[in-house]
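Got some structures for you, see below.
Below, subunit A partners subunit B and then partners subunit C, in two separate complexes.
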Partner chain A sequence: MGNSISMAGYTFVVEEKKEISGEDLGLLQEKLLQLNWGVQHPASGPMRLKVWVDGDEVVKVDPDIGYVLRLLEKLVEYRTWINAIVNVERACFIDNFGTMTGYSIAAEKIAGVKVPKKADYVRTILCEGGRIVSHLIGLGSFIGVLGVHTPMQWALIAREKFLDAFEVYSGQRIATASIIPGGVRYEPTGKFIEKMVTAVDFLEKEFIPRYGEVFIDNPTLKLRSRGIGVVSREKAIDLGLAGPALRASGVASDMRKDYPYAAYGELDFRVVTKEEGDAYARYLVIWEELIESAKIIRQAIEGLPEGEWRTKFPVKVPPGEAYVNVEWARGCFGFHLVSDGGTGPYRLKMRAPSFANLWAMPEMMKNVKLADVPVIFASLYMCHGDIDR
Partner chain B sequence: MEAKEALKIPFEATKKVLRVTKALFAPKATEIWWDKGVRRELHYRGKHIIKAELCIGCGMCSRACPVNCIEMVPTGVKKPRAVPKVRANECMFCGLCEDACPTKPEKAIKLTDHYSMILEDVTWDKLTDYVFEPENLEEAIEKAKKMEELIEKKKQEALKKKQQAQQAKADMKKEQAKSAENAKAEKEQQAKPQKDSKGEE
Partner chain C sequence: MLEEIKEKLKAEFGLDSEGYDTNMLLVVCEKNRLRDVVKFLKSNGFNYPHTVSVVDYTPKGEGFQVNYILENVLDKKFVMVRVNLPEDDLTVPTVSDIFPPLQPHEREAWEMFGVEFIGNPRLEVMILPEWAEGWFPLRKSYDFKKHRKPSKEKK
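For the complex of A and B:
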């Protein structure tokens, strides 16, 4: 009997009593089980969650990270100012434009370079494209962990159109390396704009009505995700949540609105917020931001100015430092860039939103049912590449 | 077996034969695509093309590469002093080398839309040997050598001319000096007898 339990991945925790018991758990100790929400679990990705359960109730969750550590911050120190983008964009390849934009703005701030207006608009279009691509995967995987895999396929069909547009623009579909300090690398050709418009058309006319009809006001989904992982407004600020998870708790925090960068100051859009603060509210925030992003792309394409798209960036940048926040798909992404007057960055510190969300998760998972663990995990909308860097 | 079924057999057989023959001559549903020369969209970042005639050997592409997969191979000629060689299995096709190349109007190193990079019997040695080398390197080197020879000839000619001119100048000066000396000597010679004459007086 004991054998079969250990084979299934369950282990009795006898010697780890003291580790768990910050508080006195009394007789419960004997009933506690440690579950390894494994490294390869489809819902948790390359990361381990140690889950201690008492029957069906979760007592404590401890994330174990570091399986996709790539030392991106250190690698940037060995690059020049321009080719450091290839390391920055790999923080998370799904929305690579946001991170590249943040790094570029920080480098431009130190060097004192002003970017042409056209580059700002192209950055905006690309960033919103990346946000849509990321949100589509977020939507699909949220329902995916509940056990329905159809929405993921639908989302991937819509995502494909955007990847086509990125391919026409930069030559690659995922790791595009297209935004550099001093502007953008390629001219936004007519064909790119055409592809982007068809992608947005598909999203607005085909994907949104069909998906919204089935998977948004869905009674089963509501049963499963309403009132789970509730975070109040005050607690969300205390925990330091970021992105859609923060906005779902009623905090209208959006870097695009608060500290406008690129062309966001000139465009008209709305910050999506929800008051409930549960898993379903987070899902709805992602969904409504998708619709909002499509509108931003349309506005940016209409207002695309004429002119240059790239200026010269100096080889050596004067000593100095800059801190830049950008609203990435998964939340506020901070870049602290330091220059010592050399040909490359002296130090780059990245503040990742997923990492902040991850350490808020154990707090939210206290006294929930075991089956709600993946729901809360997916609703926080995290990326593993971003957690480990 | 009943008579009806027995009659059906040849009919069915001919049907099958017809179907097979039809399938044999029908167009294929799947196609081999890699030798068809399929063109990708604008800016596709594929195989490198390096033009040795255009390269000036500055090494900017090697410095711009984020994974250090571009090696500058010395050619033995003065211009280009070295040409880039791309180690293909390390390259990530970011295209920053193309951006860094300073030659105008055409870039010496370029990413083309050729994406078929098939290696047969792939072993580690073969992968590490798989490189993108400059096109027509030998021709370019020969051309450069010829150019160098020409330039050297011209230089030598110029040098000779200079030397000749210098010699001519020196000769002229010598002659002038000689003539001056001669004149002096003559003067002296003229003066001496005067002195003598004075002394005699």
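For the complex of A and C:
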């Protein structure tokens, strides 16, 4: 009862005895302890890391996942081709446009449907809006795990403007169900474009200068995150990292550039890479991608063509399969879609970038200090809905 | 680039491959040659594994299909290696020692489909709860209704 550690809600499990040069250094240094980081930890989200520590040093990390399993891959098999988007977008609701776009492109490939150009541009605008919304939360929560919660509030203010635009477009702020096989679901009205421009204006003129001044070139943040969780270029590929984490190690892998889809082939943007490969580099990649995304939205709005925004998608799709990758906010999201000639998908396998990053994490967390566990965890920029699906 | 790989695969293993998509090649191989093919592809630049995707074709009488998707991140090309398994022998050698990132993907495929990856060091339930081990919920034969909790009105 008198133990303050157990009263704080932590459980320690004595794993094995370890001799340290014959000296009695007390309980913490004598034994390997298992520490539960999560499920209720504010920074972990609905997952648990079993962390084995030797004093202050992490010996081994084992993630325990599955707390938000919805079995989306199975649910999709019970839907029609168009209805399935409601399951696909829930892989992670924060950036729901990327997953819907990937699924739609895969379905269109099998069916042989060509999408109107306007739909491609609207998809691009929405995907980049989703990326900004997701990156804002990523930036905020990265500093959030270090104990400062102001940036998260600032990011949420900027995010609200984008959610307003999504609301005008689809009637929903978060799970919009707005991109379907055959195009996009609603007409991009003038009001939607206006709201989107307002949001991008706020982001570029208010949020980026203010946030950049305070929380990017920040000495305390640098002290805390530089040289933490360093992954070299070769190691990043070996570990199978995805998305911003891969680009922060100097691998220029971006599906938008490599295999252009939607309207990305016609727009001008830069793939952000960093060479350092530490937590701070991953944070900077997210930050610079945010700036790039705002530019892409402006270009896409400028070049928005006239015409139809959707075409007819057949009820029954001929047998076939496709593997399509899209650059989702958190990395390349792969869709292996199989059709058997029915009215809905026969099988959909989703390759989730957060899943890849999660299982690369135990290797990265070997022999770091316990206090660096949340920093590395947050810098990998994972989404739990995406890990469990 | 892909043409070159295609010819090499033909020369080395006598395997025919076909274009799956632009930028993507499909190789169908026997399971006893899987490890050699994957090793060969890794040494030829396909060093970034994407996933292991299992498709259940049992309702059509064709057993299971295991697809390994590998990417060449420098040249931006894909290869899909496909192994067909009969329904009564769901075993396939692991490639998790060649591609360590595929270990959790194999583990997921095992718990969802029951395909046993021989040599994988860690085939335990990961995403499913422990009590659901062996249910294989992504198989076509899995019956949702059987496992549904009865609702309060129907009790």
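Note that the second predicted complex is superposed on the first by the 359 of 389 C-alpha atoms of A that agree within 3 Å, B and C clash if a C-alpha of one lies under 4 Å from a C-alpha of the other, contacts with A are read in each partner's own complex, and residues count from 1 in each chain.
In this section, contacts are C-beta pairs under 8 Å (C-beta built on N, C-alpha and C of every residue); 3 or more make two chains touch, one makes a residue touch a chain.
These numbers were taken from a predicted model, which means no experiment stands behind them.
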Discussion item. Should subunit B and subunit C be called a clash or a fit once both complexes are overlaid on subunit A?
Written reply: fit
Discussion item. Which partner chains sit in contact with A:Asp340 here, subunit B, subunit C, both or neither? Use first/second/both/neither.
Written reply: second
Discussion item. Is A:Asn83 touching anything from subunit B or subunit C once the two structures are fitted on A? First, second, both or neither.
Written reply: first
Worksheet item: In the superposed arrangement, does A:Ala360 touch subunit B (first), subunit C (second), both or neither?
Response: second
Discussion item. Just to be sure I read the superposition right, which of the two partners does A:Thr189 touch: subunit B = first, subunit C = second, or both, or neither?
Written reply: first
Discussion item. One more residue to check, A:Lys349. First (subunit B), second (subunit C), both or neither?
Written reply: second
Discussion item. By the touch definition at the top of the document, which applies to A:Gln172: first (subunit B), second (subunit C), both, or neither?
Written reply: first
Item to complete: Angle at the Cα centre of subunit A spanned by the Cα centres of subunit C and subunit B: state it in steps of 10 degrees.
Response: 90
Worksheet entry | Dominant toucher of subunit A (residue count), subunit B or subunit C | C
Worksheet item: Closest Cα approach between subunit B and subunit C after superposing, in Å?
Response: 9
Item to complete: Jot down the residues of subunit A that show up as touching in both complexes, subunit B in one and subunit C in the other.
Response: none
Response to the item:
Within their complex, subunit A touches subunit B through residues 79-80, 82-84, 86-87, 167-172, 175, 177, 185-186, 189, 191
Worksheet, complete the sentence: As the complex stands, subunit C meets subunit A at residues 20-21, 23-24, 47-51, 53-56, 60, 67, 69, 73, 76, 78, 80, 99-105, 112, 126-129, 137-138, 142, 144
Worksheet item: For the complex, which residues does subunit B have touching subunit A?
Response: 40-45, 63-66, 92-96, 99, 111
Fill in: Touch list for subunit A against partner subunit C, complex
65-66, 69, 71, 73-74, 109, 237-240, 251, 253, 258-259, 322-323, 325, 332, 334, 336, 338, 340, 346-347, 349, 351, 355-356, 358-360, 388-389
